[in-house]
Amino acid sequence: MVHTSRETHGVMLICFSTATMAQKLVIIDTDAGIDDAQAIMMAVAAPSLQILGITCCFGNTDVDNVCQNVLLVLSVCEHTQIPVFQGAAGPLVGATKAFSDHFGTDGLGDVLEDRDPQWKEKLQREHAVNAMIRLVATNPKQVSLVALGPLTNLALAIRLDPSFQQNLKELVIMGGNMEGKGNVSLCGEFNFVMDPESAFIVLEEYLCPTRIASWEYCCRNKLEWEFFEKLINEDTPAGRFMKMITSKCWGYSKEAMLSKRDVYFGPGFVSYDAYAVAACIDSSVVTESIECAVRVELQGELCRGMMVLDQRNKLNKSHRVSVMKTCDLTKFRQLLMASLKQPCRK
Amino acid sequence: MVHTSRETHGVMLICFSTATMAQKLVIIDTDAGIDDAQAIMMAVAAPSLQILGITCCFGNTDVDNVCQNVLLVLSVCEHTQIPVFQGAAGPLVGATKAFSDHFGTDGLGDVLEDRDPQWKEKLQREHAVNAMIRLVATNPKQVSLVALGPLTNLALAIRLDPSFQQNLKELVIMGGNMEGKGNVSLCGEFNFVMDPESAFIVLEEYLCPTRIASWEYCCRNKLEWEFFEKLINEDTPAGRFMKMITSKCWGYSKEAMLSKRDVYFGPGFVSYDAYAVAACIDSSVVTESIECAVRVELQGELCRGMMVLDQRNKLNKSHRVSVMKTCDLTKFRQLLMASLKQPCRK
Amino acid sequence: MVHTSRETHGVMLICFSTATMAQKLVIIDTDAGIDDAQAIMMAVAAPSLQILGITCCFGNTDVDNVCQNVLLVLSVCEHTQIPVFQGAAGPLVGATKAFSDHFGTDGLGDVLEDRDPQWKEKLQREHAVNAMIRLVATNPKQVSLVALGPLTNLALAIRLDPSFQQNLKELVIMGGNMEGKGNVSLCGEFNFVMDPESAFIVLEEYLCPTRIASWEYCCRNKLEWEFFEKLINEDTPAGRFMKMITSKCWGYSKEAMLSKRDVYFGPGFVSYDAYAVAACIDSSVVTESIECAVRVELQGELCRGMMVLDQRNKLNKSHRVSVMKTCDLTKFRQLLMASLKQPCRK
Amino acid sequence: MVHTSRETHGVMLICFSTATMAQKLVIIDTDAGIDDAQAIMMAVAAPSLQILGITCCFGNTDVDNVCQNVLLVLSVCEHTQIPVFQGAAGPLVGATKAFSDHFGTDGLGDVLEDRDPQWKEKLQREHAVNAMIRLVATNPKQVSLVALGPLTNLALAIRLDPSFQQNLKELVIMGGNMEGKGNVSLCGEFNFVMDPESAFIVLEEYLCPTRIASWEYCCRNKLEWEFFEKLINEDTPAGRFMKMITSKCWGYSKEAMLSKRDVYFGPGFVSYDAYAVAACIDSSVVTESIECAVRVELQGELCRGMMVLDQRNKLNKSHRVSVMKTCDLTKFRQLLMASLKQPCRK
């Protein structure tokens, strides 16, 4: 049953009650991150999703900050009923690399002053990996796992429970690259480079249906800065929050991005993780994909963490994934816009 | 209070009641394995140890066989009250290598006919890694962890709980090598080569007191075949069990070992894991050690999995371990002998 | 002075006498190969080039075959005055990989019956690497080196004479890739994968002006099968020779190529090495290039031998090369057509 | 015919005329180096050797310094008739590592003031690698090649002429290690670590009889500081020269070496390269050897450049080398002593 319907900035916003439709069960694994915050907002705003839990992983900032960021985002959206679990503090093997400052030291643009001193009590006591395993075992073949950070929790889950992946309905990943170019390293994308072994394990051993929003997919489907302005000027708690956390962040600064000309993809802003959540909410957002096997390179000064597409089937792998290629930007803009109409009780 | 005391084969055997003395709390992580069986027997026979649990890992055979082997050994020793936990089925990263046939396909010499169809029910339901974490958290700074197989469970434990190692009293490892030679590969020892990443993680991140019974330590402190004959002819349930499982195993066949002349260490039989348990029971069994930092090589066709001693402090690591060098063979023989006087209720 | 001018298949063919203009001095390093044969024919037909020598390297076939192939091509073209030198029989480090069968076992389509038993006597006695060094030292800053095979001879030349590269006028390479995809391996191009260390050395240490015809450049500028038909039906010694050697070669079989659909670049035939020679003859054949630093990945199961473009200057290298991007196909077709009007005494 | 015979410091010195006996033809490849200087002096003093040439390689210092050092040593010994050839300036692949300061910046203890401004003219114009190939081709199966530095020249020689190694009588190497420990790196010996690829190539592809004086062999056969005192106080041009170049060198300073306690091998001085030359002069200096295949590890942060002995034949290589194990120190002392009786015209 539809509760509200408002025309805002040309985007029709519709909030449903949770009771009125069959919902997709979702676990979000995140290293929040401004774009993760955006993605979580999109997910909780989606009437068709039921978020079983949010599992935290190091990545854009340390895992303690990630947990606090997730709790804060849920508080802004008035979805504090969603359980949050603390997970991996570093990569599966080797030392933790310096965290990215793409979204500031704290992952949310370094503008927040008062952190909740009680945050630890608001976390679940169960470890993220055990929670993942339990939630999926309880809902076999029904859970969509959306992974927005390094894939460490996912690798640990399959090591503790090799059958974990069999019981997933699907896996949607933001991460990896397609064309031998990268952002954080010469040939590697941030989430994969932060933990190449986990990315390797997930892409080799998760045999459930898998869709990947690669770095190039996100960058090729950049949005206009004009739209960004509209987005962050939404006068809602979520809109004001997004405006605040993007205010000092060079990753969301038109001027900074223009001065640092993107040699590959041209101007625009990219809300990486939101592309994965959008694909989970509505698969028709992705209008074209490449179906092939993929593998992560583990070696090499240049290529460690690089994702490789095996379109000619040289690896002879039977498991193929769907690598997103083109995006329905109209639908994607609608989902982004809807995400800032928060709180909007489903 | 001493219950029994018998002179057997010149070895004084003393069984204590569990109530009479402060016992060392121990978790044994094992990939049983004949030598693991021997080591477990030694541990349960030791009045000074209280075994909190036995965690199972793939290694000498697959983890299902390992669990069954451990349950069987405990049954022979009449120590079925010790909880047994199933752990890692394969290495942290990469594909599982073919299991060793050193101790037969089933790890116990391929002589056992009737496997217990109910074995799964006798296992604890908690995962080995979660059990380790819980047992150590419950008994902080009191637990000795004795690792007899690939170090996968230990690596997973520290990934799920980075504070795990801080709360250990000590870690005793059978594994690794010291001189650039190996058994399973040209430069690597079996337990480390089966999961080099886990061995690397444990030696880098476990900062508790750590002692290592390396391959060379075990091989240099080989025992005479005459002693082996005496050992397996002990007329007890444990002795008869040991005689049976070593009956077809070339690793415990004097003839096989002599024909395949050991170019490095000469004749004799080596009960690898028993050296680690012996060191845990009585540290004076180890009469000399090298104190230095160690690291595991992760790369290379020849050297992957090789342990390196940093006696000249080139790595500038602050954490040093104790690499065992010489063994009091008289004490070690006594402990082996005592282990076959089972069942011997402590 | 123009000697002849004929309109043939819509292509204007002009042969000049060698005396009438300043010529570019060229050394061709080749692993001939059908496409090398085509490229050599193009080079010897070009009035603007003076070929100082042809140096041979293993690659499409073993170096003995390569030498014979080059001698044969020069014989067909009546340019036997060009000295031919034998060079590297295998890669700089590691074992020689199986030679490609792309152009048949003998590199020239496996159709030739009578090999010249005297071929060794027609070779120069000087080693290819010493010849390169000598020819460049004699003509400092005047020689264009065109490399059509694995870069082993070039790596050896700089090891024997570190100043070798400084004295080159320019280096034109057919090899490497740009987008993380490959032909011979998942991420690597044939010439680079056959000797990654040499490719690495050349791209790090040759600081002369360098232009690269990458695999993607060649494939993106494929020619139509209709043109191929026209080309090989040229009724000249060179044309008849080319028709013969491509007659059984699947690499030049429209049917074979169509049945094995190229997932990346679509239909057409690619005469790889001819693109490099064309760029050397007339730089306006290349209409767009990327100027950036490049590096070769040496490690990794997937990426060893992959060329990486550093368009964001992450490697902080001062030396930049020119990676060809788009081709003037009209000019390229003319050069191909002219190459089959042989013999045509310059 | 014996020319002179003197009893000096208890060592019988005998100089022969070159005409009186069949001599072993020798090429010395060196990165001189104080110990190389000592080794060259030993070689030129040996009546049984005829030095065909000395080829220079980077290593202890840059190759320009090496050439000058060799010319100076020959001048001190009055053997300037021996041709000296300049060779590799850096390793086969990758960047040149910082030169060792073990023997000072100039390789000869940084005490020499006047360098010969004419040194380049005293070098042969032929490249070391070409000279090696020519000298061996001219004297097939007759030349002993003694390699005292990184093996770059040897690797290049076999790349230019694959038959080079077949025509050698034997190869004697100072380099590599045996027990997974190293000097310059944690697991690697200086000469091999300076160019692991060349060491790999030589040990894989040189199939001539090969003897190796490893780092451990040299260190285990250290000499007493008392003998060192005697040695450098020999009142001859060579003795005075040796005293001078070792005067400031911590590698030859008893005090420095004692304060920096050698955890592996205890006190004493080691003239590494002299052990290889001694083995070439008189094979009975080596009293025990291990015959086995060897290989060099190319990968790994810890083990790159490490030599591995395959005593259990796991690599299944047919070519075996002789790794020196024990030394007749009396004979070795005699050869050292004789080397400082220079000039001593053979």
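Each chain gets a letter, A, B, C and D, in the order it is written, and its residues are counted from 1.
Quick note on the criterion: a contact is a pair of C-beta atoms (placed from the backbone, for glycine too) under 8 Å apart; a residue touches a chain by one contact, two chains touch by 3 or more.
These numbers come from a predicted model, not from an experiment.
Asks: Give me the chains shared as neighbours by chain B and chain D.
Replies: Chains in contact with chain B as well as chain D: not a single one.
Asks: Return the chain whose centre of C-alpha atoms lies at maximal distance from the corresponding centre of chain D.
Replies: A
Asks: Using mean CA coordinates as chain centres, what's the gap between chain B and chain C in Å?
Replies: It comes to 60 Å between the two C-alpha centres.
Asks: If you average the Cα atoms of chain C and of chain D to get two centres, how far apart are those centres in Å?
Replies: The separation of the two C-alpha centroids amounts to 43 Å.
Asks: Could you list which residues of chain A touch at least two other chains?
Replies: 298-299
Asks: For this structure, enumerate the chain pairs that meet the touch criterion.
Replies: Here the touching pairs of chains are A-B, A-C, B-D, C-D.
Asks: Note which residues of chain A are touching chain C in the complex, please.
Replies: Of all residues in chain A, those touching chain C are 177-181, 185-187, 263-264, 295, 297-304, 306, 308-312, 314-315.
Asks: Enumerate the contact residues on chain D facing chain C in the complex.
Replies: Residues 88-90, 92-93, 127, 129-130, 152, 156, 159-162, 197, 200-201, 298-299 of chain D touch chain C in their complex.
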